[in-house]
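Every chain is named by a letter (A, B and C) in the order it is written, and numbering of its residues begins at 1.
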Amino acid sequence: MPTDTLPNPGTSPERSTGELIRLEQVTKRFGDNTVLDHLDFSVDAGKHVTLIGPSGSGKTTILRLLMTLLKPDEGTITVDGQKLFPATEKERREVRKQIGMVFQQFNLFPNMSVLRNITEAPVTVLGMSKDEASERAKELLDMVGLADKCDARPAQLSGGQQQRVAIARALAMRPKVLLLDEVTSALDPELVAGVLDLLRDIARSTDITMLCVTHEMNFARDISDQVLMFDSGRVIESGAPEKIFSDPEHERTREFLSAVL
Amino acid sequence: MEWDWSAVSDFMPHFWDGLLVTLQILALGSVISFALGLVWALLMRTPSRWVRWPVGVVTEFIRNTPLLVQLFFLFYVLPEWGVQASALTTGVFAIGLHYSTYTMQVYRAGIEAVPVGQWEAATALNLPVHRTWIAVILPQAVRRVVPALGNYVIAMLKDTPMLMAITVLEMLGEAQLFARENFQFTEPLTVIGLAFIVLSYLASLFLRALERRLAH
Amino acid sequence: MTSGLWELVAKGVWTTVQLLVFSALLGAVVAFVVGTARTHQSRIVRFLAGLYTTVFRGTSALIMIFWIYFVLPLAFGWQLVPMWAGTLALGLTYGAYGAEVVRGAIAAVDPAQREGGIALSFTPWQRMRLILLPQALPEMIPPFSNLLVELLKGTALVSLMGMGDLAFSGNLVRLALQESAEIYTYILLIYFVLAFLLTRLMRGLEKKLKSGVGKAPTPAAEAVLKRPEATNAGGAV
């Protein structure tokens, strides 16, 4: 798929530069288990950041906090200068419109056609006209290589196809931030490459800020500007992918990388 | 709205009489429905179509028609057939029979939920059919069916007022009698309405506790 | 039986069917309003909806009918025509059971679907209308079908208030003929046929709805143990 055919899914003219996401002193507990412990970190606009680390280290929790699927017990989260936590539900809803998410299990709506999965939110949430939304949805489907599946039901698609629809669905909202939560780990091995290639194209051709949790280290190396190594709810090391993958400073990072690479 | 506490206190002795009858109906009706339901469930598992088919049709018929009309049927038809029974006996039998067509489904599901491996093990051990049922299958099925049976007891409780239609003086019958004699409808009907809410709420709490104990 | 008596029975059938349709409609409204209210974010709304189901499932439908016939006019001065009093009593009571069906079916939708909705910035109401209800609806049909049969059986209760439904016409004919077995057998058979038609109708509806979400219809053997409250109007509180 040549890159120049990509519709520009995310750009809006007043795109801010500088810091886009900021977590300050964020703590999240599940019962007695503290998953995030007074975490601080920020992501600049347009950057592609990958979170790596052993499972249970809190990577997915961060994505779920940013998507407001979870609430932090302490701390503040800011997106593009607007508070996500603490904030009222109404304020949160406004901020949330700038954030899209692609899930491990796709989470497509089985009661809607592929096309309607993509158009529903632009129409009901953003107030886009149906024609315009379908037009864009078709462009996006074309981009993800599924132009012929408009009228199919999600259940009729393979896992890889479903995930590509889910990516198109998230992009249709023109988010500033795209959260990718282990998007290939539910896929059969032979379907992984197609989805990762698509994400590489999107990373290269748009200026969407991406926050990615993955176990695909090659993919992380390809797309990331920055890699954060998590352990026990803290960032223990961060840096450019070349640095982290070839010359990690922290002992735990070395252990982790030697286990997964 | 006029609320007359003296009417409430006048009604209370009748209320206790009615409550006693209601609980009697419930206890006896439950026993009948548990026993008869098991009979239906076992008959439905016999190899012969000539047993399964009539049992299936009759129970389906009873389950899908109103208990109230069944009460009328038994109350007026049994004497014509020369069977003399008190209204209470007729009512208890009718409600027990009606609910046995529900409990049979519970037993069936409970029996089907016992893993196939249990049947196979019993066969491998050469257990006779009745031992397979009594020692292996039913004990395992019972744990699974108790909560569902309990739900039907609560459902039966709420159907006991229908017996007033065939002159049984359970709670609603007592309330109606009192209301007609004293021209005071609000108090007795409200008292028994609340009594039913409290009774079924307590029963459901009890059932949930029982369910939790059985789960261990 | 003479043709005049059959005419009486036919009128009874018509009254029963009307009462069934009206109270089913009211019950459906109650079921969806109360059932979705039980999943509301506001604790007060959830509590009130829970209280409603506890009270209306806790009491007996017959007592509710008596109460609406006798107490409501005395206490509040509302004298309802019998058809509406019966509709109100049955709709409110069976609607409470229906609310449990609705709540259960919504709760059974994969939580990931809700998260998908949040990620696309849908409001709670949009999530309910566009994602949760369309997926929950086909799952509600089998328990609703059982509930409708229970409601049909429940309509017979209004005969005790002197309303001329099918059961009442049976009593009248019995008085005229002094022949109980025959007339009650007919009456029971008519109820059975009505119940059969209802079940058929609902099965067709289920098939149609399930094809709409890309699923095969549930096999007839329902998990009785898992949904005891749905197989009978009088499940647990």
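The working rule: a contact is a pair of C-beta atoms (placed from the backbone, for glycine too) under 8 Å apart; a residue touches a chain by one contact, two chains touch by 3 or more.
Quick caveat, the model's predicted, so the values are computed rather than measured.
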| item | value |
| --- | --- |
| Top chain pair, ranked by how many C-beta pairs fall in contact | B-C |
| Most central chain, judged by mean C-alpha position against the global CA mean | C |
| Remotest chain, chain B as reference, centres from CA atoms | A |
| Between chain C and chain B, distance of the C-alpha-averaged centres to the nearest whole Å | 20 |
| Averaged-CA centre spacing for the pair chain C and chain A, given as whole angstrom | 45 |
| Centre distance in Å when chain A and chain B are each reduced to the mean of their C-alpha atoms | 56 |
| Residues of chain C defined as touching chain A within the complex | 41, 112-113, 115-116, 118-123, 126, 130-131, 134-135, 212-215 |
| Residue numbers on chain A that touch chain C, as the complex places them | 67-69, 89, 93, 96-97, 99-101, 103, 105, 107-112, 120-121, 124-125, 153-156, 169-170, 173, 179 |
| Residue ranges of chain B in contact with chain C within the complex | 1-2, 61, 64-70, 72-73, 76-77, 80-81, 102, 105-106, 108-110, 112-113, 144-145, 147-148, 150-152, 154-162, 165, 172, 175-176, 179, 185-186, 189-190, 192-193, 196-201, 203-204, 207-208 |
| Complex interface listing, chain C residues touching chain B | 54-55, 57-64, 66-67, 70-71, 74-76, 149, 152-157, 159-160, 167, 170-171, 174, 180-181, 184-185, 187-188, 191-192, 195-196, 221, 223-225, 228-229, 231-237 |
